[in-house]
Every structure is written in structure tokens, then in C-alpha cells.
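Heads up, the next two complexes both have chain A, just with different partners, chain B and then chain C.
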Partner chain A sequence: MSDLAKLERRRRAIFGWLLLSPAAILLSLFAFYPSVATLWSSLFSRGTRRRPTEFVGTENYTDLFADPTFWIVVKNNLIYAGVTVPLSMFIALSMALWANSKISAKGFVRTAYFTPTVLPMIAAANLWLFFYTPGLGVLDQIGALFGLPSVNWLGQPETALWAIIIVTVWKESGFFMIFYLAALQTIPVDLREASDLEGAGRWTYTRRIVLPMLMPTTLFIAVNAMINSVKLIDHLFILTKGGPSDASKLLLYYIWEQAFAFFDAPHAAALTILVLLVLGIVAAVQFILMERRTHYQ
Partner chain B sequence: MSKNAFVVLDNIGKRWKGQLGVEHISLEIEEGEFVALLGPSGCGKSTTLRLLAGLEVPDEGRIIIDGTDVTSMPAAKRNLSMVFQSYALFPHLSVAENVMFGMKVRRVPKKERLEKMQNALDITGLHGLEDRKPSALSGGQRQRVALARAIVAGRKLCLMDEPLSNLDAKLRNAVRKDIKKLQSDLGMTIVYVTHDQTEAMSMADKVVLMKDGRIEQVGSPEQLYSEPTTTFVAEFVGAPPMALIQGAALDGFTHLQTIGVRAEKIRVATNNHRMTCTVTDCEFLGAETFIGLAHEQANGLTLKLDGKADMKIGMQVKITFDDQDLHVFDPAGQRVDPR
Partner chain C sequence: MNRLTNSLDTIGAVVLAIIWIAPLVFAVWAAVHTTSDAVNFRLTSPWTLDNFRIAWAGAPWGKYFLNTFILVTVVLIGQFFVTTLAGYAFAQVQFPGKDFVFLLVLLQLFILPEVLILENYAMVSRLGLFDSILGVGMPYMASAFGIFLMRQAFKSVPIELDEAARIEGCSGLGILLRVYVPLAKPTYLAYALVSVSTHWNNFLWPLIVTNSPETRPLTVGLSIFGAPENGVDISIISAATIMSVAPLLIAFLVFQRQFVQAFLRAGIK
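So, the complex of A and B:
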């Protein structure tokens, strides 16, 4: 190889690394290093004035597995994810298909659907607090019109988690709709016309053409929705604080509680590692499974 | 107007928000005919095709296909197939699935489906590519998949919307022949939209030349070439198109007339010349050379010489032509029959 070609190759390699470095540095500093540090601190005991921190291996983890609250929280989060992810995706897709069709006031409909996304979660939670409040709340007021008894949606263990789920779905659907809407607009009109000519109805067209072509978007949204089902807990602070009796407590809220209410950093770190592990595995599985059925253009 | 033709467009009109799409389109197409809708962009040829396909609904007029009034029928019921300019292949489906899509929708039994698909792939020469996705095909192959999809259902009427415009020149020539052969082999009736007059002239039995949403002239390629009814047709058809000369520039014509003459009828004058022009360019094509000529009272004058001919740009050339080869148009641009 000539010197010039070698030089050129090196120049390109350096250029590539230069392009990568900002993201690499930021990620290392704020994502990779904290993860490793968390893993490290999860292996030590909580230091008190009398007993300094010492290496305890997996003791923090075994503690967690023995803790009944941990299992309640895990169950809550599974229900929360199991309902919010598919439900918000389904609603998002339905709204997108509708908002993409030939309707009047299309702009208004899209804006209306997107509004919940614009609101900060804390504001949205306050809004819903007003809906849910027993006696004064909108839900109770409407119920009273039909002679229904007052229900304390957020205050009883049977309904608290579901009330939280509804807020999340309401908040997320509009956001996911935007992705579906964007994807729908990249599907050329003549595919619709071609399938019309072949005699395919609206449903066949949607099922055989539109949904498969939306698969990359669906994959993207699914991964995001799943991560959000762990990440999105702002409304818990306003609505239930995890109560009553842990009925609506979710993992991240529990971690926050451990770390900043009970000041038990090692257990919080252990919990965090578990969450990272599970999220990583689920995301990997989702990618592998759906990749096979996904067509990228 | 007889209603016995295979396809009848009866005084079709379509407007968008007051803007003209097409107007007074009346056309008859016989079964097995190859009809080209020709015209510059924006002339309404694609609109006409889409109206015929049922992808648009006409504001006025009637459409009859094979004896049935289909004016208000959806596209699927019109018993026709279509090749789109973009091919409109389903990107997530393989070649075989693309070709079989319509039959699957119509619940054709699997055995028949596969048979017909194989047959269509035979005809279009796509064997071995059944499992490829459109993104893994070349432009020409995609075009053939679109063709296969159009012929697999065995519809009698096939509409094509500029099917060759995304292919390179060489491939275009080859596919042109393929389509023509396909049409005569299968006995299909084809309505073919193009802006390329060579395409229309070389393939069609009947050419419909359109301008500004109206039909300018309908006729066989020979008719359009040798008897253009308007100056627009004269200037659109033929390569090079007909030269138009103001009547005042020639003896024996009035200044109100426009005279048309084809390149192959123009000669270099040996004794009596009728015009003196300046050479503007030389285009050597192998078998002949086209010499562009400029004259202040004429447009598009071209001299066709055999073989390689050298003429310096800026040179003066004396030319002549015979009266019998001239086309005469009135001030409105309409053809006047020779006296």
C-alpha cells in the first residue's frame, strides 16, 4: 500500500473517532461510569457511625429477595408495564390511523391528542388529582349525577394502581401517536391505490400493508414504552406516594424511597442494578424477536 | 357516438377547487388496442388515467368499460389492472407475495394462485427472484414485478402510468419492446400514459395527444405525424419536431398563415432557394446528422443530412422544400387543408 493511501486511511480513522468522541465521553461520564459505580456500591454494607462500610458481597441482594415489599413492588410494576405498554401503543396506533385519514379539522385532532404530552407529568398528575378526588372530583361529580356512590380511587388498595395506570396511558398515548403518525406519512399513497385496485378493503390494507410497514416504529415505541414503565413515576409523588399500603408502589419510586427517604444507598444500588439487568434483557429480547419480523426500508 | 367500443369515455370533466383538471374528454378504445395518452406535464393525461382507473371520480360525464357503466364504481370493481409510475410495490413483501397479493385478497385457491404466479414470472422473466424483496432488485427488475402483478390477474384492461420513466434509456428501449410483445401475446387492451412522444409513437396503435386538460388530436401515429391538426401537435410529435415558418417568409403564402415542414423534407438548395438560414448547431447521430438552423421568421428549422456532415456554426445555408410537403395552419393554429 502506498504511503498516501496509508495516510488517508489513518486520517479517516482519526476523523471517525473524533466524530464518536463527544457521545462516547458523555455516555461514559454520565451513564457507564455511574452504572459501574452503582454495581460497586451495591456490594458494600450501609455505613453508620458505629459500623463503617464493609464488603458484604451479595448480601444486599439476598436482603431484597427476602423483603416482601420488594415482591409487592415487582408485582405492581409488572402489572403496570403489562397494561400500560400494550394499551398505550394500541390507543396511539388507533389515534394515528384516525388522525391520518381524511377527516376535517385534522390539525385540531392532532393537537388535541398531543396535548397530554406537552404537559409536565407533575401538572398532569395534579389535573388527575382533581379528577379522582372523592366528593369534589370530576369522576365523583359525574357518578353522582347517576346516583353512584363516591369512590376514593386513589385511596383504596384495589383501585390505586389502576388509577395510576390510566394517568400513564393518557399521558403516553399522544406521544407515541406522533411517532406512528410520522411513520404513516412515509407510506406512499400509491400503495393504497394499488391495493384498492386489487380489491383489498380498508381492513386488509391496514393489516397486510400498513401494520407490517409500521413494524420498525412499533419496535421503537415498544422499547420506549417499556423503559417508561419503569422510568415514569413522577405522578406517584403527587397522587399516591406509593400507597395505600404499597398498593401503587413502583420500582423506581421504591428505589428513591430507599435512597432518599430511608438513606439506605446500598440497597437502592442493588435494586438499581436489578432493574438495569431486567431492562437490558427485555430490550435485547424485544429487538431480537421483532427484528426478524421487521422490514426496514 | 357509438357505445359499442370496449372502453368509452363520454364527455368527462374533473376540476379541483375550481381549477381545471380535464374537460370534455371523449374517447373510444377498441378491445386489444394499445392507446397512448401523450402530452406535456400538467396536460391532464394522468388525471384521465386515474379517472378511468376509478382512483378519482369525474365531476361530469360517463365511463363505460366492457359494456358496463362504471362511472360510480370503485376501482376494484372495474376489472382492470394498473402499473404505477413508482411501481407501488409493497416493500415488505417478496416478489412472489407482491405478485400474488391481489389473488390472496380475492381468496383465489392456493394452487391456482401459485400456478398463475409462476406463469406471470415466466412471462416477465423473473424466475429465481421470487423470494427477493423489492429493495434487493434493480430498477428494471422492479418494473417487471409491477408488470407481473398487472398481468397475473388476467384482466382485459391494463393501465400504465409512465411505467418507463424511472429506467435508463437503454433499458427503456428493451422494456418498450417487452410491453408491446406482452400486449399482443395476451391480447390486452392497454392505456398508456407518457410524456415521451417516441414512446407513444413507437408503441401505440392510437395516440391521444392532450393539452391543458383537453384532447388535441386522436389518431394513429402516422396520422399525428403526417397530418397534425394543430401547430401544437406539429411541434410536439416527431424527433425533431416540425418546423413552423411564418407565412410571410415564403412566397405564395399570406402573413396570417403558419407553414409547417418536417426536417426530412428540407434540402440544401442547388439553384432556387426559398430561405437563407444560419447554422446554430450540428447533432451527429451516426446514420444522419441534424443541423439546427436559425431564421428570424421560423422556429425549429432542422436539416437532416445522411451520414456525417460538417457545417460550421454561423454558416449561411440556402434551403428549399416542395409545396406538397408543407402543412398549412390558420392564425388559430388549426390545420387548413392544402388547396
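So, the complex of A and C:
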């Protein structure tokens, strides 16, 4: 190889790394270093004036596992994910099928479905407050028409988490609809015509042709919905603050509470690591499934 | 038969649409009526703008609006700068270690800034950016998502254009600015819409990093305004909520097509 080519390669390498440097610095400062620092600080005890922090190994983790609140929060988050992910995906698919069909009022319907997406979660929570308020709220007034008693939706452990779940589903379904809508529009018309010729009913057509063709989109949405089930917790601040008696507390809110309300950084760090582990598993599953998908094609 | 299913479809779709829009409609209703008229659903009761007047006087909204506006602008400029350079490097420059670094960037798609609040807060304090708008925006500037998006956009630029510019004597950076950036305009627009609406609506991180009305964005201001301790009633909260979502909501209704397309483009990996 000539010296000139070598020089050119080196020049390119320097150019490449220079281009990357702003991103590399910022990612190191706000993603990679904090992840490592979180892992590190999760292994130390909480310092007090009398007792400085000391290395405690996995003690923060065993503390968490021994803490009943932790398990309540985990259970809540599992229910939250287990309901919001499939439910919002199902609603999103129905919305997309409708918004893509030959119905009248399609424009209005599409706008209505998508509107919650552009609202902040905090504003959404305020809107829903008017629904949930006992006595005065819309839900109670509708219930009263049918002679039902007033219910404190947000104030009792049996319903608080469900009230939170409904707001989340309302907020994210329209967003997911958009992706289904886009995928639906890429399905060739001949498939529809062919299945009509074969005498296949609408249900058969949807189940045998549409749903399989939507699989990649479904995978993409599922991953996003799972990430959202960790991320979407803003409405807790307005609606329930995780209460009553932790009945609607979710992991990220719990991290915030440990870190910024109870100033218990080590346990917050341990919690963060556990959440990152779960997100890592979601990522790994997605990569594996994507690999498979490319083999099919 | 076909007609029947079609009208059933229409009914189902419209009912769902009405349910979906109902919270917003009720909030508008509550915002323009006195509290007692609002909660008793007196349909013929007179409209009023008093709730807006009271809400507006109750908090430094003008400042909050300005803060949010500055925040989304700062984040967007930072993101454009960082993701353009990095996206170009990943798409068109050959250098050793590229694939490994790209994998690291992809990893960040799952290390959500939201989850790292504890150490990011420590980092922002260390940099002396606590309670500053830059501190709120900085963790989002090197968005893995944006880098990915830009890489895809730059990859689709025909190589002939690149070569032609090179023959004309353009340098690496010159080609980026004169060839790639103009051709990626639709992607920039899409990314801008997604970024602005995300950061206009972001709450948890700004809540942690801001500590004064001087830096607080709208979402945090709204949450403080509506806190039960403040004892504000439903009509006034609704007015404040409508007020703070109005700019984005109106923009959405006007540019609906572009908005939806932007979200789509941003979501397709």
C-alpha cells in the first residue's frame, strides 16, 4: 500500500472521529458514565454525618428484595405493562382499520384518535381529573344517572391503578395507530381483490392477510409500548402520587421518590439498575426477533 | 350486508372518536363556565372567560411559555448540530471502530434518560447547570434516535452527487453542508416536529432540574398550579390546562397532515 493511501485513510479516521466527538462526549456524560456511576453507587451505603458511605456489596439489592413496597411496585408495574401494552395495541389496530376503511367522517375520527398524542401527560392528567373526581366528576355523574353510588376512583386501592392505566391507554393508542395506518397503506390492493374473488370474508381477510403483514409493525409497537410502560408515569404526580397506600405506584415514580423525596440515593441507584436490566432484556429480545425477521425476507 | 357492516363500522369508529375526544371537550366546557355551572352540566348557562383571567393571574405563565419555547429551541439546535455530524460520520465516512461505536449508540435507545435521573442530576449539578434551561436540554441533545434517523437520511443520498461535489473541489464538511443537509430537509422537518412536541410535553426531568419560575417550563408550572395544596377548582385548572396546550394543539390541527407524516417518518426505523 502506498503512503498516500495510508495518509488518506488516517485523515478519514480523524475526520470521522471529529464528527462523532460532540455526540460521543454528550452520550458519555449523560448515558454511559451515569449508567456505570449508578451501578457503582448502588454498591455503597447511604452516608450520614456520623457514618461515611462504605462498600456494602449487594446489600442495597437484598434490602429492596426484602421490602414489601418494592414487590407491590413491581406487581403494579407488571399489571400496568400487562394491561396497557396489549390493550393500547388492540385499540390502535382497531383505530387504524377504521381510519383506513371506507367510512364517512374519516377525517374527524383520525384527528380525534390522534389528539391525545400531542398533549402533555400532565395536561392529560388534569383533563382526566375532571372525570375521576368523586361526586362532581363526569364518571360519577354518569353513574348517578343509573343510580350508582359515588366512587372515589383515584382514592381507593382497588381502582387507583386502573384509573392510571386508562389514562395511559387513552394517551398512547392514537400514537400507535399511526404506525398501523402506515403499514396498512403498504398492503397491495390486489391482495384484497384476490381474497374477494376467492370469496373470503372480511374476518378471514383480516386474520389471514392483514395481521401477518402487520407483524413487523406489531413488533415495533410492542417494544415501544413496553418502554412506555416504564416511562409514562407523569400522570401519577397529578392523579394519585402513587397512592393510596402504594396501590398505584410504578417503578420510575418509586425511583424518583427514593432519590428526590427520601434522598435515599443508594436504593434509588439499585432500583435504576434493575430497571435498566429489564430494558436491556427488552432490547435483546427485539434484536433477536429482528434478526429472525430478516431471515424470513 | 356490506352496507350494514359499513354503517356498523362508522358507528363504532365515531363512538370511539367521541370517547377519545371527550376529556378535551369536557375541559373546554369547564374552562368557559363557572365551576357550579360546569359540574352540574347546565347546558344553557352563560359562557365566561373569568377562569382564564384567574388562571393567568395565578402563575407567571408568560415566563413559563417563554421558558418552554427557549427549551425546545435549545434542544432542537443542539440535536441538529450533534446528530447531523454523527449521522454523517456513520453514513458516509469510513473509519475503524465505526461499527462498535454505532452499537453503543443503539444501546442508548434503551438507556432512557428518564431512568437515569439520579446520576444525570448529579452530572448536571457538577457541570453547574442545575436550575438552568441548558441543564434541562443537554441530556437530550445526543439523541441516539436522531443520530439513527440522520444516518438513514444521509445513506439514501445518491453517491453520484457526493462524487460530483468532490470533483468540484468541495471538502468533507462542505459536502455535508451543501449536498447532504439540503437533501435531508424532510427528515429535519419530521425530526423537528417530533422533538418539539416531545420536549414541549416533557415533565419528570424538568421537574428535577428546575427550581425556580425563572427556568420552569409549562408542564412543571402547570403541575404546581394544579397541585391540590393550592386548592384551585376544576374550572380554573381546566382553563390553565387548555391555555398551556393551546399552542401545540392549534399547530397540530392546522398542520395535521405534516404532523402525522412527521411522526410516521420518525417512527419507521
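Things worth noting here:
Everything that follows uses one rule, which is that the second predicted complex is superposed on the first by the 253 of 297 C-alpha atoms of A that agree within 3 Å, B and C clash if a C-alpha of one lies under 4 Å from a C-alpha of the other, contacts with A are read in each partner's own complex, and residues count from 1 in each chain.
Throughout what follows, a residue touches a chain if its C-beta (ideal position, glycine included) is under 8 Å from a C-beta of that chain, and two chains touch if they have at least 3 such contacts.
Bear in mind that the values here come from a model prediction, so they are computed numbers and not experimental data.
Looking at the shared chain after the overlay, A:Lys6 reaches neither chain B nor chain C.
Touch criterion not met for A:Arg207: it reaches neither chain B nor chain C. Residue contacts after overlaying the shared chain place A:Asp196 against chain B, while chain C stays out of touching range. In the superposed model, A:Leu129 lies in contact with chain C only, and not with chain B. Of the two partners chain B and chain C, more residues of chain A are touched by C. Of the two partner chains placed by superposition, only chain B is touched by A:Pro188; chain C is not. When the two structures are aligned on the shared chain, A:Lys75 is found in touch with neither chain B nor chain C. Within the complex formed with chain A, the residues of chain C that make contact are 5-6, 9-10, 12-14, 16-18, 20-24, 26-27, 30, 39, 41, 81-83, 85-86, 88-90, 93-96, 98, 101, 104-105, 107-123, 127, 138-139, 141-142, 144, 147, 172, 197, 200-204, 207-208, 218-219, 222-223, 226, 234, 237-238, 240-241, 244-245, 248-249, 252-253, 256, 259-260, 263-264, 267-269. Those residues of chain A whose C-beta lies close enough to touch chain B in the complex are 188, 190-191, 193-200, 204, 208-209, 212-213, 215, 295, 297.
By the touch criterion given at the top, residues 12-13, 15-17, 19-20, 22-27, 29-35, 37-38, 41, 91, 94-95, 98-99, 101-105, 108-124, 126-131, 133, 136, 138, 141, 170, 173-175, 178-179, 182, 202, 220, 227, 230-231, 233-234, 237-238, 252, 255-256, 259-260, 265, 268-269, 272, 275-276, 279-280, 282-283 of chain A touch chain C in their complex.
On chain B, the positions that touch chain A within their shared complex are 53-55, 74-77, 80-82, 84, 86, 88, 90-92, 101-102, 105-106, 133, 135, 149, 153.
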